[in-house]
Each structure stands twice: as structure tokens, then as C-alpha cells.
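In order of appearance the chains are A, B, C, D and E, and numbering begins at 1 in each one.
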């Protein structure tokens, strides 16, 4: 509720969480359906939002108590002065490059001349949002592979529409995540690069966050939320079949695809070093105007 | 000339008009079926019409869909009604108070092109609660449609009719009710039809972006789940709702505008 | 009742059209005055100034001693463009009733007035029709019915009988006279029919062509009680009619420049219509219109 | 009667009055905004001062040629196309009952589809470049023009239509001399509606697969939480709308001269 | 030229208004026929059916042997609602010129025709004005100018002189006669002025009131060359006029139900207007209208 968490009957707090309905957020749904929230005295309502950037205003205004957003977005918000604090890890890359190893990849048409990150410069790559974690990590991956990131061209296309754009030859390559990765590969595309894994070790891609106000006023609740999420993260990591089952409930991913998608990793710890790396990369790419104060964001 | 047929020909019966309308929709269906089947577009990106319709039929069996549709229609109806009332009231006021038109023109023209979507942060800030935000967006976007139509409509009053009203000393209210309003009504009807679509679009978009429950949310879920056929099925549903809304507005129009050349030319001739 | 002093009106369009130069006359309470004049001389303009629908560019109009700045209360107007002055979205009955509602006439009385007025103009059957379902003449009669149902103190009519047949016209003329006598309505009536002007009017005002002034203000010295047979066959009626005709002819003739072949032909040939006796006899001319 | 009441104003006074009329309300509104934003500072509603600062910083730069001009170019192209299409289709549909009955459900169907979900479909058909962005603008702008034209054409005065028929007015001549002028007040209403819708759709089109343009910039700012900058972009949109409407009004005064003058001459003393 | 057989028209609105029951008559090429009848009897409806603007519900109209299904070429119409038949977005000149353009008259000839027509109706000065800047009578004259400039083979006029003053009316009547003689235009003219009908018409057709049929088809046996003085003062003219008046009175009287006080008064008192000699003398009655 927008009046802050309300103490319901039986000693539970009602909280509202703004989170995208994608593979990455499976733990928060698990936490609800498997009783991790309840165990910690929380009754949660999960409101789907479009794009992580849209949950930030909700959290700031108090409509949401917690949000889910990617690291770059949170760093940018912090830099612009939004009083946000990360409270738990959200989702991490598997850290492994190679076909079927990570949940995000750059895909090219089957007959493309692109073979690896090195070949990408000079080509047109679709990302879901410009100046965000996608293009930063791609640049880093290219740089690492010895290519010239300055020659990369990016086009912004929503994830669901990338397959069509790639098939029609509107772009040379697409940077995508599950379930689109599996679907696009089904349609004949080929993975050539895994930027999350190649750019940063064990990247913490996204995090759960709250506002400084809530943290100040109800630190106990935040703590219980963190505990619940961490329990759920651990559960998700060890119970992939439960995750796939949960995906069948809160998303519309076709069942045949759910069975085959590559799941991300859900460690309970935020990889601070990776966040610092992302911050440095974003600074290099001009997304951040100043060196980021990572400590202010992370718990 | 078509006009002659229209004037001199037999008036068209309602079933015949409906039949023609169905024929038009059938043509659309045929095209939508043929394009993917002939491979002009990859059927995986644009499924053939039959597949979409089949999927839609399956969806319609889902009670949740009806709840979602109900949610959307509720914010649609409330938002549209609010926008229409506000716009008509303001439009009439602007016409009635001398100088107000000039004083408001610049502001109206400045505010009109601001996309509703850009107001989302402000909306969540002001209202927080989802319905409030959705309503704000819906009202903001559809308000202008009606307002502009009203402003043009009230300026169209026949000078002789205006003089008649003045000479019989019809009061402000009577002039409004009996002269200005009927004259503006055809314009308003067009405005309402325009606004109805815009309000519906905004209701869906707001759900899509803010994530309040409804048809838009379902579309978004289907999109981010890569369920292409379902996305199109829901879009078709949105379109059909539009067709239904238009049919209702047309029926209303036939009643309230029976005196107007545009309608009376079609019934009794 | 009506005082028109130094009235002038110049329209701004077309580089300034001087519709009225200087009009002076007055109409006493309960009088019936007819205005005639060449086409386009400014009769409608004059009427609209009196009705407070147009702002004069010179002079002023007073109704019951009050300067006119907007339509004065208790006034009804029948417009020359009768068709456009009816509200197409209302039935005939509603059209007639609307001004009465505004006048706060109670409903039963209102119904009575509407029925009476419609019956008087022969449209009792058409009450439920919309104006655009009526013939031109019927529309004009609706406009008349609306005016008489209103029971005005001042009645302004702009060629109110132009669209009806001769028989109906005679009936409506007598209807107007009856009404005028019964209610004592101060009436100003523009007409093109000279016979009508003389038959109806207690005075006939002839306007000149542009620049428009009052060319003649003629008292009609026929007996007060008039009827279609005796009045019209009176020799004095013929004289007056012939006089007015000659005046209008003169008024038109004065307009220089636009005289054409047809014009000239007409001027040469046309006699006072249907009037065998040609010369007017000692007509009492009014100079300032205040005598009556 | 107002004309009798007001003294003839000097040219200077008239100019001042006009300025007051154009700027009065906006100034008041900005003032209100200022007071609100100072009294209740929030992250998403910066003070007008900060927005103005961001405005000069952001927009008085190469952005004018890189973002504003291409956007405006696309907008004008799309708007013109929508105008032609709307009037053309509208006349056809408005004058034939059979065509109207057949086409209306299909058109209403498309009209009800939200542009944001239509965009992917347009991309499928037209690609990602300028064509797509122009098509997105057309897809939204065409409706008000179309609907108004249909209604305007249907409402042509019967006597005028009869006159035209008697004198053998047919085809293009009928269109030019009778149908279009008679429907022009309503068509203009539609075109005016379309103007602001065009701007909105320009933004929506640029949110998608874009690398430049005002809409793209605004979205980037919004996502990057650069709120004053985002507001400055919205101000640009507003100014754009205002500027276009000025031009539109000038055109309208010419095209509807007969209509406006007729209403004015008779209605002046009202 | 015009053949009207068994023509009937029932409007659908208001539960079906039978405007015309069964009209039969024909007009030879180059003839000039006037139609008179009570207000609302269906004259305009008849004219619109002849013009191909309304679809009859019974019978048919043939122009030059061809069945009318839409406006036949070479036909000009002056509408009763003259004001609404002018294009408000065009100047007077453009209004008159437009049909000529459509007829593909070359520009110089077009200019000539427009100037001539406007001068003939006395509106040479108003060519640059817009219709709504003109008086009612001027607007009507523009409509007439448009029709005559068109040089039609068939001319249909619906009360074309209703809004002009007596003098102008006489001029326009003579203009019409001149034109008719010069070009041999087949003319059908609706009028309320019985004098005008007899003066202009080679035949006068009297319509009954509803249910409307042709009540009388009267040949006007006055000399072919007519002028305002001699023709109108001919005794035969008076007789014909009286006869037509009596016919219309009878036509109106037939309509039962809507007789009101005013009605009855008029019926009792109104004589044939301005016609001293009362009884009609051996009038050649036409039975089928084909004799001429």
C-alpha cells in the first residue's frame, strides 16, 4: 500500500513489490508461493511493472515498498539523487560463456559472418535499452576480446520484437535474455557472445531495493524482507524444477520453452566487486557522470 | 456519383449495413490469413488469422481474461466519462465567456502535445494508487480530443439561429441547452468517438506500463513471455472492443442526431 | 414606443457597405407601420438594429424610452430567413414553445398558446414534425406562429408572408390584424407587397435606395376597420397603392449606375401593378413621423 | 453591445493586451508550479528554474540539428501523409453509405489498437528506419482527420448538395467546390487534433529502435532519472505544439475565412 | 420535353406524408408553364422530382424522352431556399461562374455570361461580395443570375421572385420572358403570385391540396407578346386571374380539418385580390395537357 507497510492481523506486514514478470524475478514469486515471506511475517503483493526504471518512482513515492531493478539503473538513480538502497541480490549471470551456458547472449543469424565478440564492431546490435547494462557489458566484452568498442552500433528494440527484427535482417545481431534466447535459437539463430559472463565475473545483474525512508523508519521489516528473499534465492538455486514450475504460473512463456531455458544464478550475496566494475564501465561509457559511490547503494 | 445513389437510392436497412460491415471484417480476416500463409511475413512473428482466432477463443474461456477486460473497461468508462464532462464544460465555458478563448489558446496548444506516457512518473507521484494514475493518464489524453471538437462545434452555430435565440431573449442557460449544444453535438459525437479509442488505448497502455491489472498487463505478460499468438489474440480483442464501442456510439448518434443532415439523409428520403 | 433617430449602419466587409445612412422615424405604442423599399436598401438592417441584434454605427434606437443595446424584453421577430431561424433539432411544437418557456409561462397556458398559434396558421397537424420536413410556406408559418404565441409587446416582421400562396397570405394578414387589434402590439412590418403594406399599415414608410434614408412617411387614411373586400376595392386604397408604387419606382430610379437593359425596360413599361387609376391624389405627406 | 462600450484602443495598448492574453495564463500556471515545487519539493517535479536551466543546457546545442530537426521532419511528413489519407478516405467513406458500412468496423478495429502494440507490427512490415517512424505518426494522426472528414461530408447541406447535382458538379470539381469547402470546418477540427497527436506519436515512434530524436532523448532522460532534463524535453514538445498551432491558425484563417467572417459579422454584437 | 405520368411521392418521415398523389401533365419544348397551389401542397416536391433530385414513389418523369433518374444535363434550378443554395465560401461571381466551368464554357465567354447575368439582375456591383453579405433579395437574384447565365434548355424555378420588391419583380419577370423568347428555354415555374402566373405562363397548372393531384390545367389565351401595362390591363387577364384565384381557394377549401377562425374569415371575405370583375368567362379547360 502507498501508506507504507501496514501491520496486518497476526503480526504480518503487508508490502507491495514492483517487479517485472520475467525469469529473473522467479525468487520473489517463489518467496510468496513457498511461504518465505509468510515465515518472516510479510504478506506480499507483487505488482508487475514494465521496465526496472518504472519501479523506482513507485518506490520513491511509497507506492511500492520494494522494487527490482538492474544494477546500472540503480547506479544512475543514485547518482541523480534518488534515495534508493539495495537490500538483496536479485539475479546474477551464470558466469560461464558458451552455447547454453548463460541466460543472456548475443545472437546472430545462422549464416552470419560474426563468430565472436571480436567480430561485432561495425555491426548493428539490438539491445532492449540504450545506455544500460546491455550495451555496457557488450562494450566491455568487445574490449576484452580485442575489438574496438567505438565501432559498435546499437539499436533499441524491445526484447519481444528482436527475433522478428533479426529474421528480417533489420539488425545484424541481437542481445537477448531468456526466454527469448531459446525461442530465437529455435528459429535458427546462433549465439556468438555472452557479454554478462565475458565482461564481468559473476555479475550481479539486478537487485532488490527499497527507499532510504523505509529503511530508516522500519529497518526490521527491511531486514525480514532481505531474509525472506535470501531464503528464496537459495531455494531457487537448488530447486530449478520449482523455478520452472513457478515460471509456468506467473509468466506466459510457452511450457515447451520453459523446460529448455537456461536459468540464471541466484546467489544470496551481492557481488560488490562486479557492481564496482559495472559502475566503472558505465562511467567510461558516459552513462554515469561521476565516479559512483557503490557503498551508498549497497547495504 | 455515389452521392446520388445515396440520396436517390433506397435507404439501407440495418441488417444490410451490418452485413456489409461483417463483409469488411471478413476481408480483413482473409488478408490476415493469407499474408503469413503465403510467407510474406514469417508466421512465427505474425501468426495466421485462424491461429489468432483459435487462441482468442481459448482465451475467452478463461475467467481471468474477463476480469482483466472488466478492469480495463472500468478505468476506460470512468476516465472517458470524466474527460468528456470536463471537456464539454470547459469548452462551453470558453465559448460563453468573452476573451477566454484567446486567453486559454496558448496554454491549450502547449499542453496538448505532451504525451500522456511522459506523465507517468508524475501520475504515480500524485496518486500513487494505481487507479488514480491510470485515470489521470486516460483523462489527460482523451480530454483534449473532446475539448477541441467542442471548441470547433460551438463556433459553428448558425448566425440566424443565434439571432433568433437572442431576439427571444433566451437566457444563457437556454441558449446553451437549446442552441449551442445541439449545434455542437455532431462535433462532440465525433470527439467522443475519438476519445473513446484514445481512452481505451491509454487504459491499456497505462496498465502496460504501470502494471495495474487489466488487458494491458496481460498483453505485456504475453509479450515478455514471447507468446506471440496470444499477443495478437489480445490485440484482436482490443480491436473488437473498439468495434463494439463504435456500434454503440453510432446507435446513440442515430437517436440524438436524427434531425441532423448527416443522419436524416440516411433514414427518410 | 419605437424612436429611431439618425440611425446609420455601415457594414465593415467589402470595403464598407453603407446600408443605412440616416433614418429617423417613430412608431407610437400600438401602431402598425409597414416598411417598403427596393431590394437591398437596408430594411432588414433597419429591423435588426431596432431588434438590438446589430449595433448601429450612427444614431440610436429607443424602445419604450430605453436605448436599445440588446434585444429588448417582450419583443418578437420573424426573420426573412425563416428556414434558418427554426431550430432543426426541435419539433414544430417545441420551436414555438421554447420562447414561452423562457418567458416562464406556466405549462398549461403554454400548451394552450402553442396549440392556438399553430391552429391559427393552419399547422395544427404538423406540430410533431421537424422544420425540415415542412414546405417553405409551412416553415414560414411556424416562424409566425412562434412570434404570435409569444404575445409580444413589439412585433418585428421581415417579409413574413413571402413564401405562402395568395389565399393563405390573405388569411394571415387578417390574422395579424385581429391579433394587433386584440393585443395592441406595436408592429413594424417589412414587405415587398405594396398592396399588403397599404392594407395592413396605419402608416407606410418608404425607404430610398442606397444611400438609404426615409424617402416618404405616409399615413394610410383608410378606415380603421379593414377587410379584404371593401378596403381593397376602395378608390383611396388604389390611390395610396399607386402612390407607393411610384415612390418605390422613384427610389429605385435614383440608384444610378446599375441600370441595365432589363431595368430600363421595366421602368418604361411597368405600371403600378393592377392599378388602373394612375395618378395619386392629394396625399398627406408626413415630414417627421411624429404627428401620429 | 460590447462594440459600443469599449473605447478604441491605441495600437500600443492593443499589442499589450494581446501579449497579456497570450502569456497571462501560462505565466500564472508557471507561477503556480513554482510555488508548489518550492513548497513541496519532490524528485519528480523540479522547480521551473531548474527545468529552465536544464533547457538551455540541453537544447541550445547540437541537439537542435541532431534531434529536433529530424524529429520535426518526420513529424511533418507523417502529418501531411495522414492529412491526405484522412481527407481522401474520409471523402470516399463519407459519400458512400455502402462503403461506410463496409469499412467502418475494420477502421474501428484498427483505431482501437494501441499504437505501442501496433509499433512491432509496423516494424515487421516497414523496418526500423524513418519509414517506420513516419508510419507510426500516420497511424495515429489519420483518425481524427478521417472521422471528422466523414462526418463533415455526411453533413453537407442538402440544398447545396442538390444545387451541385443540378448544375452537373461531379467528380473532382464537386469535391473541390462543394464537398471539401462544406466539410472544411470539421476537417480543420480534425487536422488540429491530429497535430498534437502527431507529436505524441513522434515520441512513441522514437522510443522504439531509435538513436536520435526528441522522443528518444526524453525517454533516455526519463530512464536515466535526469528529471529536470526530461521536463525540459517535454517543454520542447509543448513549444513545438504551440508553434505548429500558430502556423495552423494562420492557415486556418485563410482557408476558413468565409466561415469565420460569416460568424463574426453577425455575431460581433453578441 | 417534360412528361410527368402518374407521379406520386410519399415521404417516409412522420409516418408517411403523401406529398403528391398522382400528377400527370406534359410540357412541350420551349413552353413556359406556371404551377400554383396552396402552401404545402407539393409544388417543391414536384419540381424536385422533375429535377431528378427526389425519387418518386410512383409514376415517372421523362425529360426529352429519357426517364429521369438523376439531374438531366442542361437543366438549371432556382431553389425556394435560395439562401442555402448559394455556396457561402465563394463570391457572387464565383457562384455564378461555377456551373459554367463545369459546362466547359471557355473563360472569356464565361466572363461575359457572368457579367451579363449579374448586370441583368442588377448586381453588377456585388460581384465580389460573398452571399452572406447580401440582402435576401440580392441573394435570390444571384440564384437567378446563376440559372440564366447557365443558358439551360430546361429551367425550373421555385418561387424565384418571392424576396424582391414589386418593381424589381416586374423587371425580373420581363427578363425571364426575354430570355425565354430568345433561347426557347422550356420553363416550369412555381409561384404564389397569381398575377405573375397568368402574366408569365403559357399555361397555368393548379395543384389541389393534399392528396395532391392536378386540379386544373389552364391555357392562358393572352397574346404571345406581353408587357406589364397592356397585358395586365386586358380584361381577359382579369378573368383568368379571377379564375385561378377561385381555383386555389377551392383547392384550399377542400382540405378539411384545419379550418380555423382566421381561415374562415378569409374565406368569407377575401375576394380575388384587386380584381373587380368576378366571374370567369368561358375558360378553355385542358383535360390532359397534351393539346398544346
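Everything that follows uses one rule, which is that a residue touches a chain if its C-beta (ideal position, glycine included) is under 8 Å from a C-beta of that chain, and two chains touch if they have at least 3 such contacts.
Fair warning: this is a prediction, and the values are worked out from it, not measured in the lab.
The chains touching subunit C as well as subunit D are B, E.
With respect to subunit C, maximal separation of chain centres occurs for A (centres as means of Cα atoms). Annotation: 49 Å between the Cα-based centres of subunit D and subunit E.
As a whole-number value, the distance joining the C-alpha centres of subunit C and subunit E reads 25 Å. Averaging C-alpha coordinates per chain places the centre of subunit A 37 Å away from that of subunit B. Chain centres here are Cα means. That of subunit A falls 39 Å from that of subunit D.
Chain contacts: subunit A has residues 51, 57, 61, 158, 160, 164, 168 touching two or more partner chains. Counting partner chains per residue, subunit E shows two or more touched chains at residues 11, 13, 52-53, 70, 81, 84, 130, 132-133. Counting partner chains per residue, subunit B has residues 4, 7, 45, 121, 125, 159-160, 163, 166, 208, 231, 260, 264 touching two or more of them. Of all residues in subunit C, only 11, 13-14, 17, 36-40, 42-44, 80-81, 83-84, 119-125, 128-130, 133-138, 141, 159, 162-172, 174-175, 178, 192-195, 227-229, 232-233, 245, 248-249, 252, 257-258, 260-263, 265-267, 269-271, 273-276 touch subunit E in the complex they form. Taken in their complex, subunit D has these residues touching subunit E: 157, 159-160, 162-163, 165-170, 173, 177-178, 181-182, 184, 258-259, 261-262, 265-266.
Of all residues in subunit A, those touching subunit B in their complex are 2, 18, 20-22, 47-51, 54, 57-58, 61-63, 158-160, 163-164, 167-168, 179-180, 183, 187, 251-254, 257.
Across the complex, subunit A is touched by residues 43-44, 120, 123-124, 127-128, 207-211, 220, 222-227 of subunit D. The part of subunit E that touches subunit D in the complex is made up of residues 48, 51-53, 70-71, 73, 75-77, 79, 81, 84-85, 87-90, 98-99, 101-103, 130, 132-133, 146, 150.
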